[in-house]
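Two complexes come next, and they have one chain in common, chain A, joined by chain B in the first and chain C in the second.
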Partner chain A sequence: MTAALAIRAAVPWWLRSNAALAGVIVLIGIVYGIGASVSDRFLTLANLLNVIEQTTDLALVSIGQTLTVLAGGIDLSVGSLISLASCLTSGLINGNPDRVVPVVIAVLLLGTLVGLVNAGLVVTLRVHPLIVTLGMGAILQGVTLLYALGPVGRVPRGFSFLAYGRIAGLPVGATLAVTLCMLIALLLRYLPLGRQVYALGDDANSARLVGLRRGRILMLVHGCSGFCCAATGLYLAARFGVGQPYTGVNYTLASITPVVLGGTVLSGGRGGVVGTLFGAFLMSLLNNLLNFMDVSKHYQLVAQALIIILAVSIYVERRRME
Partner chain B sequence: MSGSAEFARPVGASWQARALLGRYGIALVLPALLGLGGVLSPAFISAGNLSNLLLQFAPLAIVAIGQSFVMIVRGLDLSVASMMATAAVVATSFSGADRDVPGIFAVTAVVAIAVGLLNGFLVTKRRVSPFLATLATMILLQGLRFAYTQGAPSGNVPPLLRVLGSAKLYGIPYNALVLLGLAVVLGIVLHRSAFGRRIFIVGGNPVTGRLFGIRSDLVTIACYLISSALAAVAGLILSGYVGLVDNWVGQGYELDSIVACVVGRVSLSGGRGSILGALTGAAVIVVIANEVLLLGVPIQAQMIIKGVVIVAAAALYSSRETSSG
Partner chain C sequence: MLTLEGISKSFPGVRALAGVNLEVGLGEIHGLLGENGAGKSTLIKIIAGALAPDEGDMIFAGAPARWSSPREAKLAGVHVVYQEFALFPQLSVAENVFLGSERRNRFGLIDHARTRREAGALLARLGVSLDVSATVASLSVADQQMVEIARAMTRNVRLLILDEPTAVIAGREVALLFERLRRLREDGVSVLFISHRLDEVFALCDRVTVLKDGRHVGTHETGDVTRSRLISMMVGRDLGDLFPPRREVARMREPVLRTERVAIGDRVQDISIELYAGEIVALAGMVGAGRTELALGLFGAMPLAKGAIHIDGARFTSMSPAKAIRLGMGLVTEDRKSQGLALLLDVAANITGPALAEVTRRGLVDRELEAAIAAREIERYRIGCRGPATAVATMSGGNQQKVIVARWARICRTVLILDEPTRGIDVGAKAEIYRIMRELAAAGVAILMITSELTEVIGMADRVIVMREGRITGEMPGSAATEEAIMHLATSERAA
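Take a look at the complex of A and B:
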């Protein structure tokens, strides 16, 4: 007991309040350490930018997912919504540069709307978000397949700038994702509604008793999640040049990993989007390292699972000390 | 979610007509669905189709029973589908002859026990949220499976497993008999044994459980063990039904089994549920899928219908328990 207290006293306060974030950064450091000994190309700026570019899609979805998790819920419709957004983007634009702007706006609005509907269903039907968004996921996948059974449409050449373009050496998509993340972080910190997200996630009953409007908070988090999914769909359409009806399938569960690695507690109320950004970066970096080490795709899954188990176990140990 | 746990209704009141309807209303949905199927298409209520329904029902029902154990102790098991596929890969990893069946059972049992222990350990000893712990196990199993098969599993399912998975005895599939046996045994365990009562106490209120001197960690671990063991059985049966193997046998069963439980009034927040409920929920899912298929509805509409049914069923049957949320 005294030993634990002594250890605790030795840890600086900023590390104690951001333990998970510190943990992710340590893990990133370890991956870099291993990477440096594997290949001298791993530590180059070009490779760093490359990894950042590859993180964009996962980071975008996970930022939205973080919000729903913070509020004590979850969004399992993200995968289908991404597929739908990517199909609509390339299908509606269909190679016509004049349509890019209206379609992008329409897709982002549609994603937000789907999120709002999710929130509305959770509140009015009084069903757990897990079930509502699971059902919504099935519905959206069906709608996507109604629209297109295979790859559909194409995006104009210039649109791929979103995925592969560089401004002043920085990847465009990733820069936008980081900007979005910072905006949401500020919103969570300084907007009353943002802080209420934490209150609701921490203790729904107390939040209700002090008069917080659960509906509004859920609309904010699910709306943001829907927006992020739409943005991911746009990004994927730009990356592949075409929308595919199953392009988002894997993101549903994959989006949870960075959230948790970044220190957001799945039961809600603790964490933040910045940690998620680092969590997503860690996942991409790990895959990048395993690619450098010529590890087959199959073992990459094993490594991914072990990282998750390791990270959450360490984090929980720390929480218990408090 | 909040008030209902502390102020549970007295036992006597639950026998009022409305409470009965709320509690067993789902059992009325099933006959209604079957009747609807008969009206829509005469082929639906033919003995042959009903027997096929049973055949498809058994694997999902077996997984749903395991899922209900985990859900009652406030958990969730997302690794069941991955466990099923792993069992299926094990089933085809031997020579494909009947003499290997004991070996298959042994290896599958070892894997299932390891998975259940890992899930239970992470959830109880490391306090990892069940969603995440079982998600990690799911990915881990998937990775190991892919690494072992190099992405392209091959081999044959032994004839004995094929019999178990797809053959029928006087029109009753063998797998339904397996299900019946498991349901009866586990029904007694859950609803008629001291251990079962401990499961409900731990799930309903862990603090009470601790005050009673129940070792809640052991109870929870046991539930995860039951879940992965049942998923393994379902995987072997399904591999016998499919006849060949890929890395995705059982895909979607993790979510389907959770939906089956929710439809069958197993509470997502723990402490409430029954084997009969899980079975009914699984039956509703299988019957709806079959009816949609018989109607010749395209795959897209099937998914939309499924989504609507999931949300609607949960809204109908779980509204009371989350009424304060």
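Take a look at the complex of A and C:
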């Protein structure tokens, strides 16, 4: 008993709320083990940085998604919002370096606003976030297609630095994503509203009886999710040099895998963004491994699906043991 | 402190409160007594802002109060400790205590060290010492209750409402709770104490108000009223009318169900019981003693960890609900809404639920046959509804319960388990449920009834089995059962 307490006290808080984190790290180790036997290039620093760079987009969306899941909800509008953000970014900048700063700010604000509208609809219409964000996703996809039916605009060379640049050897986009993740982890930990995100996800009825303001909590999580989607859109525009109206489609479901792998419980109330970051890294690493093994992209999708189902079943088993 | 005048509230199919008056003084412990279904829970939800009254006025601390949410009531100083608690099991004790009034540093951020320190201090003032970093899920029910009370004290609590606080805790813990409530009274806090246990009301309360069937029956100083007077106010009729007469049953030689050192989950251990055709056996014990787990295990809804179940002489080491139903068993669950009824479906579909094959013709459900069966059951059990096509959600709790009992009574041949079959239903419906149980027993079904109502145990049981902490602690014939004897077996602590 005391030993257990001592062990727990020795673990930093951001690990403690993420018991499943250990699981992800073990899985990452396994993938590395397999990778090392497949190719000697797998274990190099260059490949590690490469994988980290490729994790950026998935990590960004999933960090936002983690918040909505923690609060007991979900955000299914992320894919469309990413598409819209990427189209607006390249369409509005359209090669003009002077427009980069105002457009980036505008896109981030728009993403946040979309999230706030999602939260507002959930609260005022008393509709489950699943439905509200599904509808919002369809609306945003429609708006995106009204704006651009195909690749639109272009971004200046300098903007691509966000996707391909390195500062002190570190990929710029990924560093920003990690920074954002740490910031959100701190907000969840130290903001009263952050704590209440967990409470709402843990037991919505208790939250009401205790007098928590659900509207504010939902605005925080959906606002953050919208912001993260906008950031993902910016990143993708920088990576491809152009915005595309369907660029975000796959992210809606893909964003949930790292959340679950990282130990956030789908019903809410337990988990955290740090785990999600590792979950996203695991997914990229796995794709990287499959690339090394010359497995086709299509099988990679299958592998992803199997992993999420396996992960959830393991967690279900674990809960039953508790 | 609090005055209610003419409060009324109706739900679809039931009038929960009809013109209730209540007055709680400053620094008074006021008891609220009533049978299950008398409207106590509805009343406190209204006081707490979780429900809005249809009619009536509420005055709190000298000002008219019309709260649109629990939040507003809290800000005014009304705190409720609900029977089912409003806790966050995955969060820590300290986080639960200060949820919504987080301890902050000068930057407005959560001060975790201060949160833990002050939570510890608050709990210490209540005379509890807990690991404030532990999750609430890991605490005992009594400690969880203390976390709730500590949370109420973090704000300017002026009226503390406790909904059946003693339903979940045992002897010594009850005494501690009372001592703490008296301490709060000295600090000028008003307490509204809901219970249906008379001894507790006399031990603790200054005044007591009795509700019956949603009406205000009377308010008395506890010093001026007798126990029997309160009982007749609460029940409004003799127990003799409530419970159908007992019949002598000739015990069969072989039990219809026998368990062989069964263990279920990690708490229910070493259960060996026998049930005989035609008898009603009450399974008594405190909430959390493992009775529900045992019921679920017997019915196959929780896996058997150890042991075996014999039914009609056949031995089973694993069970599933489908198998149990084939063997003629039935289970009326504790929570009819989430584990029993399909609320949005109609009465007919709910009655034929587990016997769908019977109403299926050429692969399709024969709705007419289904309705005919339902109509017969509605008639037989006097289920109050417009007809087989009535949606169950619109019916009163008592009638909903009759639907479930009818469902199982129709197809049950061997053993029927009823978990808290009369919780939250009115006295009339209770009497009906009791009558149905007797009829089924007379028809040769063995009935296992889990109940926390001791009057029910004594009024109905041919035999009483008592559980505590996952084990059987005793057994007695129904004719010899007394409240004292049952409570002793249900609560006595191993080594105090």
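We adopt the following convention: the second predicted complex is superposed on the first by the 303 of 322 C-alpha atoms of A that agree within 3 Å, B and C clash if a C-alpha of one lies under 4 Å from a C-alpha of the other, contacts with A are read in each partner's own complex, and residues count from 1 in each chain.
In the analysis below, a contact is a pair of C-beta atoms (placed from the backbone, for glycine too) under 8 Å apart; a residue touches a chain by one contact, two chains touch by 3 or more.
Predicted model, so just to flag it, every value in this text is computed and none were measured.
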item: Chain A as common anchor, with chain B and chain C clashing or fitting; value: clash
item: Contacts of A:I256 with chain B and chain C, given as first, second, both or neither; value: first
item: Touched partner set for A:R99, first chain B, second chain C, both or neither; value: neither
item: Touched partner set for A:N205, first chain B, second chain C, both or neither; value: both
item: Which of chain B and chain C A:R216 touches, first, second, both or neither; value: neither
item: Contacts of A:V312 with chain B and chain C, given as first, second, both or neither; value: first
item: Superposed model, chain A: greater residue contact from chain B or chain C; value: B
item: Shared chain A surface residues [contacts with chain B and with chain C]; value: 205, 208
item: For the chain B and chain A complex, residues of the former touching the latter; value: 1-2, 78, 122, 126-129, 131-133, 135-140, 142-144, 146-147, 150-151, 255, 258-259, 262, 268, 299-311, 314-315, 318-319, 322-325
item: Residue ranges of chain A in contact with chain C within the complex; value: 5, 8, 189-192, 194-196, 198-199, 202-203, 205-213, 269-270
item: Chain C residues within the chain A interface of the complex; value: 48, 50, 69-71, 73-75, 80, 82, 85-91, 95, 99-100, 102, 104, 109-110, 131, 133, 151
item: Contact footprint of chain B on chain A as seen in their complex; value: 74, 121, 125-128, 130-132, 134-143, 145-146, 204-205, 208, 214, 253, 256-257, 260, 265-267, 296-306, 308-309, 312-313, 316-317, 319-320
